[in-house]
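One structure is given below, represented as structure tokens, and several questions about it will come after.
Should a chain be cited, it is by its letter among A, B, C, D and E, assigned in written order, with residues numbered from 1 in that chain.
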Amino acid sequence: MFGILETGYGFWSPIIWIITIIVIGIILYIIWHLGEPAYKKGTEQTKPFLAGMPEPSKEAVTVRADNVYWGFKEALKHYYGPMIKTHSGIINDYISWFVVVLAIVFVIIGGLL
Amino acid sequence: MIPMSKIVRTITNILYVFIIGFGFYVIIHGHLTPGGGFQGGAVVASAFALLAVAYGRKKIVSMLNKEHLSVAEISGLLAFICLAFLGLGTVFFFNFLAVGRSIPVFSNTPAGINPGDLNTAGILPLMNIAVGVEVLSALGVVILTMFLGFKEGK
Amino acid sequence: MFENLVPHLPILIIAIPLFGAFASYLFSKVSDKARDVFAFIVLGVTEFLVLVLGKDIYTNGLRVYTLGATSAELTAPTGYIMPVRIILEVDALSIFMGIITVTVAFIVFIFSLKPMKEYSGTDKYYTLMFLLLVGMLGIEFTGDLFNLFVFLEIASIAGAALVAFFTHRDESAEAAFKYVVICSLGALLVLFAVALFYGQYDALNIAYLANVMKYSLLDKIAFCVLLCAFAMKAGSAPMHMWKPDAYGEAPGPVAAILVTASLVSMYALLRVCFTLYGRGLNTEVIGWIITVLGLLSIFIGVTMALIQNNFGRLIGYTAVAEVGFILLAAGVGFAGFSSTGFGFTALQAGLFHILNDALDLGLLFLVSGAVLHATGKRNLNELSGLARNMKYTCIFFIVGLCAVAGLPPMNGFASKLMIYESVYQFNPVFSIIAILASIFMLAVFVKVFYSVFLGPELKEFSSVKEVPASMLLAMGALAVLIIVIGLCPDIFVNNVINPAARALIDYGIYRGVV
Amino acid sequence: MNKYVAAIALIIVFIFMFLTATYMHPFGEPENQDMDQYMIENAQNETGANNVVTSVVFDYRGYDTLGEATVLFTAVMGVLVVYKKTRKGGE
Amino acid sequence: MTLESSAIFNLPFITVVLLIIIGMYALMFKRNLIKIVIGLTLIESGVNLFLIALGYRKGCYAPIYTNAPTTAMVFPTPQALTLTSIVIGLAVTALMLSFAVLIYKKYGTINAEKTRRLKG
């Protein structure tokens, strides 16, 4: 049938998925519609309120890409430390890795098979 | 780079004609003797290298024009691929001069041991010449470019 | 008249871009406009021809072209057992890859019309682009091992020169040097393997070699060399390190087409495994090796992508992970070498993922090129809030993001679902790792999306304008392709992927031409 | 990358490459020679060239030669890209 | 099998292997970019020598009809292949050396340990 991909163990149909998304969207729209009607854009309501302090500049509050997964990187320090060290950027290391893989494949296929 | 001494330049003046002549000999006799377009082109390009070394940076720019060499390179390649395209009536790369023998150019086909005749081998000599022109100008461009080095923007 | 041309299409598809490469350099000496028009015509004609050939091959089966013989179908000389000339052999898989290659190249060409005007040396840029296309097409269509080496070198050299195109940047020279050293090492080892075959069987034709193969120790060693060389050129971990370097420093459109170039190496790997060796060696062990390489690539690629700060480099690491998915599927497909069951599904999924990968990563690299064109920056730390001024680019990025991360209903989801399900039959743990990596991938691109397009608008970007229409058109074409494939994956899988996978499994047809 | 691991890998590769050298047919006595024998016998007749190598280079494997000339052309383009004039603004 | 034709006396092939391994050694352990290029050309010469050596037949001459006896000729194909691969090697070497020159211009050094701004 059109739009149904049989994978052999299940199926995937984008059509059904889109119908589901539309239904969910309608429900969300209804919920949004029940919200506070007094909200107005561009009035005093939307201004950020920082305990009476002046608002800092945009440059200061921008979260930079480096800081996005800071906690994650900090938690996996023991994985990322050696990993960054391995990606040393020296061309000799790149070739060494190739030769190591070649040796392993030689031993497995040439030696054991 | 500064030009080399007068002795070197004089010898170069005499020698480079012979080197280029020998290179073209190798190109043209590619289907009869060891050699061919690539080897002959490399020989000719070595004459360019000799000139570049002997005369130095300033003089060589007036002697060899990179643009002209570039155009020669493209025309050699275009000639080569067009020769291949010409066989397309049968098959790409078909040796239409040697096999049908309808056109009396390069169409002799000797058999067995023979001293060799230039008028043989179909499109092979033409391809040799095309490739020879391409190689000599390509190597010439490389030699000139690497010899002259970086040019800063205006 | 046109019917007479169809037998010649395999060579014309390679020779016309090659002619275009030579002639476009001449044209650019006349004027840039003439060159652009000429290149457009040549690429359009190539695209048309490759589609015609595709239709022919999907209906009539494989096509053979003998270069220089008295007839195109005459693979061996009359009354003789083996081929002495170079043979082009185009089956469903080759033409599948060919259509991907030419389409991506066409779109990339349209994209690079505007942004490359700002740099010097555009004449060389287009010539090298054509040559890269020729190299890839040559690898795909050839039926001769030495010829494959030659075209591998053309693709490598053109790719390296394109990586170095931004000579005003310091790092591009370094990236190009690494790229050319790695590629030529791989190509030389391929040549070594070719020499091993030549010494044993005195033949260079893939089909003939597959027929007479004795699977001796020399053949095994040649297989190891070919496997490692092509895996390195495809960018599998732990031999992937050149990939983020090269992709990060290349111009955006060049990186987009280099993705396809590494997928062409993947094609060569599949061709060697399935067609040249087939069931001769222990498929289970080799399948395990390829699978493990794929898993390593997925894991390392995704985790390293998370901490990158350069736009191109980040997508380069995700490209490593995507190649890992393909290797995983191909390895499982090779382990269960059959035309039914999970092995076949995995193989189909791998081929489907090749198609999706070329489109998705191509789109993302084009977006990175567009961002570079608009702002002149690639560092994610310096970018912010571009969605306000670059609405369409932002939308295309969302499409690419969803596709690469495997969010429904994009095409990436369909192929990844097939990979998960078939790999689950092979080994459940692998499947779970792949699913986790896919979630990581989403996290990676959420980071990029947040830091480039969301966030407060900075003063320095307040004057940024949307990129020109030709670039939007190119990105839009890729996005539309992605959405169309995502919405009707069954049509593509049944009509395009299935014959290509069958061409790999039923290797007897390919081998039977000589 | 650990130097010792790399050295051991290199030694393993060397051992297997050495095996290829010893398993290959004895030098000067190839086992199969069908393709080349065909070329030696028929090249002069089919192409008309006295030099069999030239007939192989330009006729039997002419497509390779086209590729080879293209490689040279590509490398020249690459060299020209490297040495190209950079514009004033650094681009 | 006599001693001379026994497999261990495949000396040309052993030379080939040595050339390739020396080239790989240079690629893996030499930090000078020019030496890396030299290592690649060594591998390339090794492979070319391998091809040429495969095409040799004992007591045969160059495959040219001008002078050679028609029955005894060495294989022409490896010579053609080697010609192709030599030209390709030349092209690659020229390109790699250009990149090395460019790296020297930009970084002021050709030490591989110092030319690694792309890492991590």
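We take it that a residue touches a chain if its C-beta (ideal position, glycine included) is under 8 Å from a C-beta of that chain, and two chains touch if they have at least 3 such contacts.
Fair warning: this is a prediction, and the values are worked out from it, not measured in the lab.
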Minimum number of chain-to-chain contact steps, chain D to chain E: 1
Touching both chain B and chain E (chains): C, D
Central subunit by CA centre of mass proxy: C
Taking each chain's C-alpha mean as its centre, the one farthest from chain A: B
Distance between the centres, which are taken as Cα means, of chain C and chain B, whole angstrom: 36
Between chain D and chain B, distance of the C-alpha-averaged centres to the nearest whole Å: 21
Chain centre separation (chain A, chain D; CA means) in Å: 44
Residues of chain A whose C-beta touches two or more other chains: 84, 86-89, 91-93, 95-97, 99-100, 102, 106, 110
Junction residues of chain C - those touching two or more other chains: 18, 22, 25, 67-68, 146, 150, 153, 157, 160-161, 164, 167, 173, 177-178, 181, 185, 199, 202, 204, 217, 221, 224, 245, 307
In chain B, residues with contacts to at least two other chains: 32-34, 36, 38, 77, 81, 84, 92-93, 95, 99, 110, 112, 114, 116, 135, 142, 146, 150
Touching pairs - complete list by chain label: A-C, A-D, A-E, B-C, B-D, B-E, C-D, C-E, D-E
Chain D partner contacts - residues on chain B that touch it in the complex: 30-34, 36, 38, 73, 76-77, 80-81, 84, 92-93, 95, 98-99, 106-112, 114, 116, 120-124, 127-128, 131, 134-135, 138, 141-142, 145-146, 148-154
Touch list for chain A against partner chain E, complex: 84, 87-92, 95-96, 99
List of chain E residues in touch with chain C within their complex: 20, 27, 33, 36-37, 40, 43-44, 47, 50-51, 54, 75, 77-78, 81, 84-85, 88, 91-92, 95-96, 99-100, 102-103, 105-107, 115-118, 120
Residues of chain D that touch chain E when the two form their complex: 3, 6, 10, 13-14, 17-18, 20-24, 26-30, 33, 35-36, 39-40, 43-44, 50-53, 55-57, 60-61, 64-65, 67-68, 71-72, 74-76, 78-79, 82-83
Chain E residues touching chain D - in the complex, by the definition given at the top: 5-14, 16-17, 20-21, 24-25, 28-29, 53-58, 63-66, 73, 75-77, 79-81, 83-84, 87-88, 90-92, 94-95, 98-99, 101-102
